[in-house]
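One chain, chain A, links the two complexes that follow: it is found with chain B in the first and with chain C in the second.
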Partner chain A sequence: MDRFKIVQFYALLRREVLEHRNLFIGAPAVVALLILVATFWVAMQIDETQLAEGLSYISVLFDGLSPFDMAPFFMLLAIPFMLTLYISSVIYLINTLFQDRKEMSILFWQSMPVSNLQTVLSKVFTIVIVAPIFYVLNIFAMYLIGMILLTILGVSNDVDLVGIGWMFLAAIASLVLIYFSALVTSLWLLPSIGWLLLFSAFAKKTPLLWAGGVFILVGFFEDFIFGTQYLADWVQSRAANPNQYLIFEFQSLLERIFNYETLFGIVVGSILITGAVYMRRFTD
Partner chain B sequence: MKNIILKNRYTLLVVTLVVYIGVLVAEGAITGREVRVFEFENPFFDFNVNNFEGFRENRESRVSDDSRSGSGEDRGENRGENRDDSRDEDSGDA
Partner chain C sequence: MSNIVEARSLRKNYGNFTALDGVDLTIPSGAISGLIGPNGAGKTTTLKALIGLCDVDGELSVTGRDPRKARHKLMEDVCFIADVGILPKWLKVSQLIDYVEAVHPRFDRKKAEKFLSTTDIPSNKRIKELSKGMVTQLHLALVMSIEVQLLVLDEPTLGLDIIYRKEFYDRLLNDYYDGNRTIIISTHQVEEIETLLSHLLFINKGKIVLDTLMSELSQVYTEVLVDADKMAEADACGPIHVRELLGKKSYTFESVLKERLEVLGELQTPSVADLFVAKLKEDRHG
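The block that comes next holds the complex of A and B.
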């Protein structure tokens, strides 16, 4: 690939992160802070002897066990972050192209040597690849602070800390699972990403209302005209069961990415993303 | 053709949605993607959108049985029995 194109794309990604740092950095930082404060508050309520006993129990539990086997335990802690990521993604996707037209910055970007395809792809890339990195970094920072507090607690209560070290390794291994879960979820839900981007590029006002309203209307017309419910069934089959895209073991990683449902979702999502790229030519 | 599709934002939206729905319906028909209907699982009644007439008939017969029977306790028992009957009928139809 041309070096200039790579630099261009990097600049577009940097722009996305800087313009939406509240969603990608601020939101997970607030969630991490809330979890730490809540944990600290709960720890303050427990008697110190019981706390030391609990700590030694955790230490024994993780001692000597493979971090990769124990990593799924930490997926539970990631649930609030994943939910925040989903909500932030919806807010970002539905506003990003709409905002460009609203504040007329689209005219500036179209005067630059950047194509509409590159711009829209940078937004997809931001959600699929870049945003999960910031979330994982925030979770890592939270684990690090948590481990430092546990270590201080362990030292002050004469608890064997070897198990805590193993626990930290398991937590680090879980970060890989969390990142790939977010990545696979984005690929799995690429039709939704394309849908939101399409209406973000289309609507003159209230893009979220357009996206929701047209979805209901299209489903209604499909049922009314053809007597089928493929659209509703398609959405239900992709959104209903999180086990389809959350990864709890390293062995299933490739299987989750390279399967018919995911690849077909990418094809369908690409149709909508192509629509969003062409839609950007209407700047009014 | 391209000029017609890109004439304005509405034509582009319609064409994109038609292609999207077309691909979904074609894939659904080819792979035999199962069409699920809305079923409301609850302990009080059986409701299946595909069999709305059956639901209405069951409901009417249940109400008439209730009005014939006496106490509230009986109504509860009858409702339970009818529910089981309607389930049997549904499974028989299937």
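The block that comes next holds the complex of A and C.
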């Protein structure tokens, strides 16, 4: 790939982030703020002596432990962010190829020497690779602010801060796990990403209704004609597999990606994404 | 002179509505070509087909490429401005320039900034905060800074006041057109572009009803203001259109020898607007 193509693709990703900054930057920032405010409010309800004792206890607990071993503990804090990311992703995917057709700015985007394949791939890349980076950065900012508050509290109550430092390292290590969790989940859910993009590119109105409605219809006809429910069972088995949504240890990363079910999903997702590229070809 | 656009038998249906009904057209390189037609005639569909935004049947070649096969490659040589509302409203002016600079290999940022410095467009404003006229100025500044062979303009000044419209065409002619580039303009405001054009296309009901160089217009079409006593003689010459004018009748003729017409009254070349009306009425009545 030549340098110009890389610059072009970077510009496409930048466009996505700028257009959807509320979903990728604003939404996790609000979640981080809510968690910080809630934590601060709870801390205000506790007696300062008890708070200092609790802080000492945590400091001792984390002192000398491997940040990578303790990282999974912080994964629980990531759950609200992951949920927000998934909701934001659905909103993004169902609108991203629909909105510019609706407001006619597609005529401008299509007047540039950028192929539909590049455009659609930039959207997939945004949701799989780029959006989780912004969520992780928000979580990092939240940890940093929390750590500064804990440090101030610790210093004012003569608490040994070494353990708190270890805790911060564990929190940082958890960011890597959170990022890979989001990445693996995106690959696991690639058929859903392809499906939403397909109807975002196809529908002239209410793309979410099309995406949901056609899925229900296909399932209904399968049941009606063949008497089977393979589609519904397959989707349910994938949606209800919590192992694919959070990674608690680094060792399991590769086996989460390179397994038959994930790879099959990637193939199905790629076919649907190809359909979205085809749908994008013409504006009429 | 070679042709930058060649189309044969272009057809396009939207359900039961036939938007293009066998459009044949050729546009010479270096021409400023006007595509004129009433609402629903197929102007926008034709222009969208030329840049690969509309799937049509038939043979089509633009700058030697088939737009249906590699639109993104074609757009390195072609620029397009549609109705003023198409720039993404959420982008800031500076972000838009950054984007075009990054994705278009033939964009000259300095040129764009120079054009913009002569306007009141602030670079830190979002496009939704700009007036219609400013959005058009911005879009024109962008395309004028891209080195392309063909510029396609679909109703580019729609909804603009007379000052912006005049400035738009002045800039296009003085700062952009160099005799080598080709410009295709579709508009309702025929009078405003008449003096710019070197090639003329009329489209009606999805068909090209006139395809001529402006330089040949006077050789083919003649308008005569005929006195009452010579009307029977004028009628015998087979006018394509007749209209009442200050108690006289103005006759428009196509391919009738000037020697035959000179006796009827003073000859002149019809304006594009008058010819447009004449050809459309001829088309309507057969």
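Please note the rule applied: the second predicted complex is superposed on the first by the 282 of 284 C-alpha atoms of A that agree within 3 Å, B and C clash if a C-alpha of one lies under 4 Å from a C-alpha of the other, contacts with A are read in each partner's own complex, and residues count from 1 in each chain.
Assume contacts are C-beta pairs under 8 Å (C-beta built on N, C-alpha and C of every residue); 3 or more make two chains touch, one makes a residue touch a chain.
Given the structure is predicted, the values throughout are model-derived calculations rather than measurements.
Superposition model on chain A: chain B and chain C are shown accommodated side by side without a clash. Chain B and chain C, viewed from the C-alpha centre of chain A in the overlaid structures, lie at an angle of 100 degrees when rounded to the nearest 10. Looking at the shared chain after the overlay, A:E103 reaches chain C, while chain B stays out of its contact range. Look at A:V267: by the touch rule set out above, it reaches chain B but stays clear of chain C. When the two structures are aligned on the shared chain, A:L83 is found in touch with neither chain B nor chain C. In the superposition on chain A, A:M112 contacts chain C only, with no contact to chain B.
After overlaying the two complexes on the shared chain, residue contacts for A:V218 are found with chain B alone; chain C is out of touch. Of the two partner chains placed by superposition, A:A239 touches none, neither chain B nor chain C. Once the two complexes are overlaid on the shared chain, A:A11 sits against chain C while remaining clear of chain B. Contact with neither chain B nor chain C is seen for A:V37 once the two complexes are overlaid on the shared chain.
Once the two complexes are laid over each other on the shared chain, residue contacts for A:R281 go to chain B and to chain C alike. Of all C-alpha pairs spanning chain B and chain C in the superposed arrangement, the closest lie 9 Å apart. Overlaid on A, the two complexes show chain B and chain C touching the same residues of chain A, namely 281-282. Remark: chain B residues 6, 8-9, 12-13, 15-17, 19-21, 23-25, 27-29, 33-37 touch chain A in the complex. Touching chain C in their complex are the following residues of chain A: 4, 7-8, 10-12, 14-15, 18-19, 100, 103-116, 118, 281-284. Within the complex formed with chain B, the chain A residues making contact are 198, 202, 214, 218, 222, 226, 228-234, 236-237, 264, 267-268, 271-272, 274-275, 278-279, 281-282.
Considering their complex, residues 14, 45, 48, 51-55, 71-76, 79-83, 85-91, 95, 98-100, 102-105, 139 of chain C touch chain A.
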